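In order of appearance the chains are A, B, C, D, E and F, and numbering begins at 1 in each one.
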Amino acid sequence: MSLRTRLEADETLISAWSGVPDALTVEIVARQGFDCVTLDMQHGGHNEDSVLRSIAPVLAADKPAIVRIPVGRFDMASRALDFGAEAVIAPMINSVADAKAFAESMKYPPLGGRSWGPTYAFPRHGKGDHAEWLATSNQRTLAFAMIETRAALDALDGILATPGIDGIFLGPSDFSIAWTKGAKVDSTLEDMMETVGAVATRARAAGKHCAIYIIDPKMAGRAVKMGYRLLAGCSEHALIALGAKTLIGNIREAIGK
Amino acid sequence: MSLRTRLEADETLISAWSGVPDALTVEIVARQGFDCVTLDMQHGGHNEDSVLRSIAPVLAADKPAIVRIPVGRFDMASRALDFGAEAVIAPMINSVADAKAFAESMKYPPLGGRSWGPTYAFPRHGKGDHAEWLATSNQRTLAFAMIETRAALDALDGILATPGIDGIFLGPSDFSIAWTKGAKVDSTLEDMMETVGAVATRARAAGKHCAIYIIDPKMAGRAVKMGYRLLAGCSEHALIALGAKTLIGNIREAIGK
Amino acid sequence: MSLRTRLEADETLISAWSGVPDALTVEIVARQGFDCVTLDMQHGGHNEDSVLRSIAPVLAADKPAIVRIPVGRFDMASRALDFGAEAVIAPMINSVADAKAFAESMKYPPLGGRSWGPTYAFPRHGKGDHAEWLATSNQRTLAFAMIETRAALDALDGILATPGIDGIFLGPSDFSIAWTKGAKVDSTLEDMMETVGAVATRARAAGKHCAIYIIDPKMAGRAVKMGYRLLAGCSEHALIALGAKTLIGNIREAIGK
Amino acid sequence: MSLRTRLEADETLISAWSGVPDALTVEIVARQGFDCVTLDMQHGGHNEDSVLRSIAPVLAADKPAIVRIPVGRFDMASRALDFGAEAVIAPMINSVADAKAFAESMKYPPLGGRSWGPTYAFPRHGKGDHAEWLATSNQRTLAFAMIETRAALDALDGILATPGIDGIFLGPSDFSIAWTKGAKVDSTLEDMMETVGAVATRARAAGKHCAIYIIDPKMAGRAVKMGYRLLAGCSEHALIALGAKTLIGNIREAIGK
Amino acid sequence: MSLRTRLEADETLISAWSGVPDALTVEIVARQGFDCVTLDMQHGGHNEDSVLRSIAPVLAADKPAIVRIPVGRFDMASRALDFGAEAVIAPMINSVADAKAFAESMKYPPLGGRSWGPTYAFPRHGKGDHAEWLATSNQRTLAFAMIETRAALDALDGILATPGIDGIFLGPSDFSIAWTKGAKVDSTLEDMMETVGAVATRARAAGKHCAIYIIDPKMAGRAVKMGYRLLAGCSEHALIALGAKTLIGNIREAIGK
Amino acid sequence: MSLRTRLEADETLISAWSGVPDALTVEIVARQGFDCVTLDMQHGGHNEDSVLRSIAPVLAADKPAIVRIPVGRFDMASRALDFGAEAVIAPMINSVADAKAFAESMKYPPLGGRSWGPTYAFPRHGKGDHAEWLATSNQRTLAFAMIETRAALDALDGILATPGIDGIFLGPSDFSIAWTKGAKVDSTLEDMMETVGAVATRARAAGKHCAIYIIDPKMAGRAVKMGYRLLAGCSEHALIALGAKTLIGNIREAIGK
């Protein structure tokens, strides 16, 4: 079932967040109980080659692949789709112009200006009918605009009204930095919570899907109540650190040291 | 003999189109009967590293290397030349501004603003004389602007008049999408053929080289008649699929199954 | 359906033969009409890492993966199975001692001495039950001993009688060199055909599966009549060369040059 | 402090067990609370290149690097040391001959036959004095012979008496398979525990260090009581699976689904 | 000691200049007597992945890592810092707008718009305190704007006045091309020396650090007198060529040929 | 001109010695003034994949490629030739049995047992005629047995008499360790010089080519007088260290610090 289908059914989905640009590591992550896997090219280590190679094991695990591109790298948004991703997250969409440029790269004409060439996506999705692919791609793929600055907040109505933008993705750490004018980084900053909630409310009112990065699991409950449905997080750094702490703890306990 | 020399002699050249970012695969492709090899970074899987590594086997096979960059990635146009490519194809040159930015990245001053540093190109081309390289590079390298939208068509005169643009490259699939306002993708769409021909006519009249992507070999004859001289296509996907179909067919025939 | 199941049903299978150590290239090959894909570490370029990474796309294409190890590298036979391969082909099995060492690496006790640790094979095959894996693996996996020298011919009865050897794989090029004492290399050497047939007859009589490398498709019909059922060949070198020759030919014909 | 120093002080050490052949993944693992990191080339995915590249981040985290080689790949034992590893674990040391061959590859003359050439180990360990390196290496490096079959058990005295063997490493899964003649794989098989303990007792009596693979943390306490001091385990597969299970569980609990 | 601390103490530093995108090669370079290592993504072969992997050995050698990004690739400036670099050099900063975009990518709010996510930098620098990292990063990291065109010279005051720009980096080859309007490339062009000196004078007057690329060692003395303190150069191409010439010469002399 | 041709003309050749498993680094080394390039898999970092990829730039620089395999890895000797190497150096050939196993892997029948499959070597050497390749390969390729222990010295006559062994390669560091029974490592140990000379004398008398590893250039003159003609050394570590020391020295001198 596609990401869009599940989100339109108002399901809540958990996405892993891969920052290790290695297809074998992604293969392991993709086999866990996540609903989908995001490959992070902004702060994570993914690159053009690792995205191309790592989408394969995500699809092999029968899950949608999402790619977060670096700031302003809309060339890579198109490429991620050509490689088989189902959704793209663009950071720092701070204006309507940013949103338009992002949408332009994500959607085929007449909605946008995406160029044709699904060389890898085609066989990976078992498709062969060009006409069908062209007719359905704009609907199948999802463009998430990251809302994480005051400028983005100011431009929110325009961003939500931009044709081709399918959802918003709230970056709470950057949002907290913006909110405090650089004084704090705190993904659960109480001060900004009302606004974080309002963003979801406005986005849903505009018919858009709402996604958010979750660092503290407790925030997950609150986010879902606010209307966020795609909860992303759980990088390899976090997974390995937690696994190691637990296992080492268990062994140390067993040996009494 | 350089790409430019052969094109100026009005020869018709066939370029392979590599989308597999692996130097060994490119080495095999480069040994076939193509006149040159294009490494595709837009819809193909090539990336900065694979381009750097894959130009080597193309030159070792004594053929010119061409690189198609992703949309708007003019930083990579310069780098492709620094790595030893002889030509660069830039997709979605939809305005004179696009053409200027592309030319700026391809040509040294005073024609453009390309930065100096042919670290890899120098030894790969067996050169050592900086002064000669500076004096001859703008002439030796070729900048192909892709014409594949209605906007590009509208701006064609200006694009052709942009100093530093050496040729146009028609993308027939995207052009068909543009022509039909998103309704069809068909690289041999009859409706647009007159315009496809006119682009070549106008480009040649402006003293520019004409290249085109060929999916259906039959289109090749028509394209040459229109004035196109660089015929690109034949991706690894296409080559392997055709080879496999033929060989498997031959074996199945031999064993009667 | 497993390789063994299909061979036991006396089906004739065609295996691609990958020599390019790159998972993306293998992914393309695996999507063609072959029944299975062999990754060649002897004369092809595959290595430990590429085998680990390339088995994934073969399984994703829902096909069995086979690995040919280098001469005497039985450590790699075990590893190939741990990575998810279903069969291993060992070259130059020239004595019963060779066959025993090979079988030892392929089968768990008490049949052999394979060491436990299917870290990658487990999740790749969607398995989680260790007891079942241990109980079924010796039956599920296939060990093919290459018969390609006079010594192997002399030792054939012993090789066929070695517990854990599931089949033979005839290497016709090396066999022709052996047959002519180094004078000729010819995979369809008429002189040796009776013996090539006799090897299959004896192997089948011993309840073993028969595989052979096919260079000339015409040989396929003959091989099947002899009793060979796994027909391997079709390297990327061959596929790309054939595809390129055909496509370039078609284009040249279309343009009349 | 070196591995040997800590083991000679009878400390109990926990080693991570890396099976993902990627230096960035190893870097993350090496930063966790483990005492050392083992790179597994037998059942894990490590290869010559990944070992060379992954020892660097382990040393950068100021921890000893250990390499488990594939069965019989003593060429790689020497190379692991040349790359900067401090210890090597050799699987399936089933005879005195195996132990001798392993020791030969691990120790410089006159103790063994290791060849000179610490190109990478030298700078990585900040060394420059060849004479000192030669004089101290045999003492500094540790050769662990895996005891995991009945044959190994039968040959244990001879293996322990082999000059150059510094310790044993018990492989409990394979040992359980051997113990049950292929009927079971169970790293905590009660039946074999007395023998597992006896191996440690005999090894320590012979002045050798004792290591063991730990799957179930509870076994750790028992192993330490038996005399095992190097407890290895915690692969990336295990760490990521445990981390994912915990984090997903926490999120699902928070959102009430 | 940080790069900034040393530069503020008016020390003169020599940076190696890596153009080979391979972490092992960078590891060797980083062990030599340089004060820091620059990874070049503009004319050198470094890419996103090689930068991520190569910063590790530079830090392991206890030296600051610097990254030169391709023209206009400010997304990569942020990423280089997230991967653990201490400074970034941006080529072709030809206007105040360029300088502002560069600074925006280098500094957290309120100074710039850098996004939060130091996933790799954190553990690599042994940090764990987010608040401290946020509070100190803008000060700790260095943004070097390359001055290498006439346009840059014209805009110099504005560039120097741009908040977040910490220094300038003079590119003498491109500057000579600009100075001669494309007629010459000569990093020690006498004609431009007065201006090269004036750039340093003006930059230092504005409280900025001055860096320059050195091809001819003799230029180093002159540059230091002008006020340049970070002297970069010494690519692998140069190092290997010089080493080879010397060693081959010594051998040829020894054998008398 | 082939390595054999030049050695048979009694020319003295200098081989670079690559230990960095990266084709781009090898490309730079191959462009220097060496007569040939050896890729070291024993103490250097080369592996199966890097050898396959790095032979290409050596051949592109129009030089013979040599591969040193790890101890006992004769499977890799055959593969190195299949990848396009012209010579293989095998370390630790300590007995006639070792020499025979090595020769077996290097030569086609009837001289040895090398298996057929020059997939990469063929196109890389521009060959297409199988019969010619088979007929000429045993003569064209060179097998160098390393003489570096007392056992090897004792077995020297037998090694030299082994059909298929084309030359010896003296490893002076290991030889000094053997000579001093582990007390010293010194490639120019005066004590052993008479024997080092005698090895060459005996080898030449048997019609074999003589190669030696050179660390100290002064040793080169002496070695040539002894009869050694292939002088190998000059690793990237050595080249970069020497280049860096010289360049940094020149800069420090220029700036007076």
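General remarks:
In the analysis below, a contact is a pair of C-beta atoms (placed from the backbone, for glycine too) under 8 Å apart; a residue touches a chain by one contact, two chains touch by 3 or more.
Bear in mind the structure is a predicted one, so any value in this text is a computation, not a measurement.
Common neighbours of chain D and chain F under the contact rule above are C, E.
Summary of the copy comparison: rotating chain C onto chain F for the best CA superposition needs 120 degrees, to the nearest 5. Of all chains, the one whose Cα centroid sits at the greatest distance from that of chain D is B.
Taking D-E and A-E together, the chain pair joined by more C-beta contacts is A-E. Comparing the contact residues of chain E and chain F by number shows a mostly shared set, over half of all numbers used being common to the two copies. With respect to chain A, maximal separation of chain centres occurs for F (centres as means of Cα atoms). We define each chain's centre as the mean of its Cα atoms; on that basis chain B and chain F are separated by 42 Å.
Mean C-alpha positions place chain A and chain B at a centre distance of 33 Å. Residue positions of chain C with contacts to 2 or more other chains are 21, 24, 28, 45, 47-49, 52, 123, 237. Shown here, the protein chains touch in an arrangement that is not a line, ring, star or fully connected set. The full set of touching chain pairs reads A-B, A-C, A-D, A-E, B-C, B-E, B-F, C-D, C-F, D-E, D-F, E-F. Only residues 23-24, 27-28, 31, 52-53, 56-57, 59-60, 123 of chain F touch chain B when the two sit together in their complex. Listing the residues of chain D that touch chain A in their complex gives 12, 14, 16, 20-22, 24-25, 28-29, 32-34, 45, 214, 217-221, 224, 231, 233-234, 236-248, 250-257.
Residues 19, 21, 41-45, 47-50, 70-73, 91-92, 94, 148-149, 171, 173-174, 177-178, 181-182, 184-185, 235, 237 of chain D are the ones that touch chain C when the two sit in their complex.
Chain D meets chain F in the complex at residues 47-49, 52, 74-76, 78-79, 82-83, 105, 108-111, 113, 115-120, 123, 130-131, 134.
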